[in-house]
Amino acid sequence: MGATLTYIRLNLSRLLIIIGALAALGTWYLSVPMVDSVFKELNAWQVNISSFTLFTGLITISMRYLRAIQKRDSDVWYFEAYALVLIYVWIILGFAVGMYSDLYQTAYLSTKITLHIAILGQIIFFYTSGAYRTFRIRTLRTAALAISAVLIVALNAPWVQNPFPAASNLAMWLLNNPQMAASRTVVITGGIGSIVLGLRVILGLEKGAQRITEGE
Amino acid sequence: MKIPDLKSQYVWVTVALLAYIIPGVMPLGTGFPMSDTTMEIYDIVKNLPEGSICAIGGSGVFAFDLESSAGTIPALKIMAENGVRIINVPLGTEAVQYEKFLIDASRIEKKYGGTHEYGTDWIQFPYIPGGSSGLVAFLDDIHAACPVDVYGTPLDELPLGQELTNWEDIDLWICPHWGFPTIVQYVTGERGIISISFAQSGAYSTYSPYMMSYPGQVYMTNGFLGGAQMERLVGMKGLGHAAIDAYQVLSILFVVFVALGNATAFTTEEEE
Amino acid sequence: MLSTDPWVWISAILTIFSFTLLYGDNKFFRFAQYTYTAVVVGHSVVVGLETVQGRFSPLLSGFQPMLLISLILGVMVLFVVWRKYAWVASIPYAIIIGVGTGLMMRATLQTDVIGSVRAVIAETGKIFVGSPYDQFGYLIRVTFTIGTMFYFLFTVFVKGTGSKPVSYLRDFGKYALLIYLGIALGNSAMQYSGLGASAINRLLRQWLGLGG
């Protein structure tokens, strides 16, 4: 009985992947009302199901932090206790006042956004000291990298653009021509790779997708 | 003569003092030229007929998309002046707060002395989960994908909500987020709606191929400089201008330190 | 004039704690780090609760009974965090992966692959028309695209009759990629510089009341 149920579950997962993918493709390339209806319904389910994935982070973090607090074997368990309390206080605040309220917005901007911007803003210090150490021209390759980086930093700067307005056009030319061309290759090859990955998922050859849909 | 290698901390202190603290206390008021792409985008936004509907949304909020806000806030002001109606479509969990920040900062609402009234001139949709699935569901049938607004009010009870059916009602899409390729793929690529991104400079480098794949339909400004240019076009001095002040000094320091690094390496090799 | 707004003080203290990382890992930075994590997780739950409330309220009023299927599937998704019962989540994840894969394939094919290749072909034609400035631009675009494609596709060295021209194209592609990386890196300096300015200006202007 157990083996039968497992067999049904595995093949149902595979069937749903194939139906979902073919419906999404078919609704665009074919003009068949039945395919459109199937896609619309499955897509609506997908959107609704995705709203529940937002809770998995809370469950995972709570389990991990509670375990750490109980064992107290790491030197950051008190930070984890603080974080756990803050999570639940935040949820109560958000649920009580609503996430579109001015109070919630102020709290969010003053904590998370402040921290996010500060952490990322620090990068410029590491960026500049990294450039001092890394952009040392020894070969043609390092020259290509260093010169193009320094050139665009200077051409984007007002102290170059103001006396030489053509610098602004040159900066955009560099961004829209050599830089764009190589970036386009990344887009094309990445696109081909994504399509191959999609085919492997549909054919049941992709281990990563199998792990989650077959519960292995 | 060997030039000694500088410790990173000396570089950091120099950058902090010269590029941030001094311009922060005494703004430099740096000027900058205008770019053709920014003017094109300004013209597109300015020439939207009164009553048009512009969607602002996407996913992938990075550093609260502050760099994109520098260009989006002036665009909102232009659209509000011209009677363009706005719908905010958040496809990321943080996008709701960001879009609220944009509306508050642009002061287009009547409560701030602006022209736009909620429900009639603009609507904030709640978070739409599912990424590209959510976007496609929204474009195909707005009422089915989002039956209520962020306050829980049914769309049918809002004057603007009653006029929305599907993607055909949207005249322009502005994406101030990192998820711009998703918008280009489904909004412009599949449905032909013009899309604009006030892109962060890191994003411009990665997404510029999309502008070339859809010329005349996909537009991007480049980072804080593009944002500052948009600010100047509407006569405001916001985050874009402040960022350009800091960048003015930082770019000089960057060039100096790279030159110094090369001089250090050269003199060290010579001595050896 | 020092700010009296408690939120500005919280924001300033967290910014300073965050910048202490420049000195090295320390308890103040850890406090900031755990605050960040907690708010991110808390916020996603708040968003989740409001989203579920908004999307499934018609179920309570009886207007859309079909929503019951999505509700059951959504609850099943949560079982993914338990190793023993993770198999329960396999059905809803199959729907997510199936629909997502189909949408991704159609959009990627149309925009990323066909759109980009079509652009390259159009630009090849434009190399011979227009002003010399534009012609040179299109020439650079096409040659750099082809060069970098050769570098990506022929990473393993080709032997035989075509090996020399392929190796030249590969080397050209290598330098094109280095130029791309250099320009992309240099362009992103503006982004991090602006974020740093925003963080420090908040301390100086909003908190300490200095400057314009």
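Which chain is which? They are A, B and C, in the order written, and residues in each are numbered from 1.
The criterion applied here is as follows: contacts are C-beta pairs under 8 Å (C-beta built on N, C-alpha and C of every residue); 3 or more make two chains touch, one makes a residue touch a chain.
For clarity, every value in this text was computed on a predicted model and none was experimentally measured.
Enquirer: Which chain would you call central, comparing Cα centres to the global Cα centre?
Expert: Checking distances from each chain centre to the full centroid gives C.
Enquirer: Among the chains in this structure, which pair is joined by the largest number of C-beta pairs in contact?
Expert: Most contacting pair of chains: A-C.
Enquirer: Cα centroid separation between chain B and chain C, in whole Å?
Expert: About 14 Å separates the centre of chain B from that of chain C.
Enquirer: What's the distance between the Cα centroids of chain A and chain C, rounded to whole Å?
Expert: Whole-Å distance between the two chain centres: 5.
Enquirer: Which residues does chain A have that touch at least 2 chains other than itself?
Expert: Where chain A meets two or more other chains at a single residue, that happens at 28, 43-44, 46-48, 50-51, 53-54, 98-99, 108-109, 116-117, 120, 124-125, 146, 150, 153, 156, 175-176, 179-180, 183-184, 186-187.
Enquirer: For chain B, write out the residues touching at least two other chains, lowest number first.
Expert: If we look for residues of chain B contacting two or more partner chains, we find 12, 16, 63, 66, 93, 96, 129, 131, 133, 136, 190, 201, 204-206, 209-210, 212, 222-223, 225, 247, 250-251, 254.
Enquirer: If you look at chain C, which of its residues touch at least two other chains?
Expert: Touching at least two other chains: 22, 43-44, 47, 50-51, 55, 99-100, 103-104, 108, 111-112, 116, 119, 141, 183-184, 187, 189-190, 193, 195-198, 200.
Enquirer: Please name which positions on chain B make contact with chain A in the complex.
Expert: 6, 8, 11-12, 15-16, 30-33, 35-37, 63-64, 66, 93, 96-97, 100-101, 104, 124, 128-131, 133-134, 136-137, 140-141, 144-145, 150-151, 190, 201, 204-206, 208-212, 222-223, 225, 244, 247-248, 250-255, 257-258, 260-262, 264-265
Enquirer: Under the stated contact criterion, what part of chain A meets chain B in this complex?
Expert: It is residues 28, 40, 43-44, 46-48, 50-51, 53-54, 98-100, 105, 108-109, 113, 116-117, 120, 124-126, 128-129, 131-133, 135-138, 146, 150, 153-154, 156-162, 165, 168-169, 172, 175-176, 179-180, 183-184, 186-187 of chain A that touch chain B.
Enquirer: Which part of chain B faces chain C closely enough to touch in the complex?
Expert: 9, 12, 16, 19-21, 23-27, 63, 66-67, 70, 93-94, 96, 126-127, 129, 131-133, 136, 147-148, 152, 181-182, 184-186, 189-190, 200-202, 204-206, 209-210, 212-214, 222-225, 239, 242-243, 245-247, 250-251, 254
Enquirer: Which positions of chain A touch chain C when the two form their complex?
Expert: Interface residues on chain A, with respect to chain C: 9, 12-14, 16-25, 28-29, 39, 41-61, 63, 76, 79-80, 82-84, 86-91, 94-95, 98-99, 104, 106-112, 114-125, 127, 140-141, 144-153, 156, 173-192, 194-195, 198-199, 201-202, 209, 212-215.
Enquirer: Could you please specify the touching residues of chain C with respect to chain A in the complex?
Expert: Residues of chain C touching chain A: 7-8, 10-11, 14-15, 18-19, 21-22, 30-32, 34-52, 55-56, 66-67, 69-71, 73-75, 77-78, 80-81, 86-106, 108-109, 111-113, 116-117, 119-120, 137, 140-145, 148-149, 152-153, 174-187, 189-190, 192-193, 195-200, 202.
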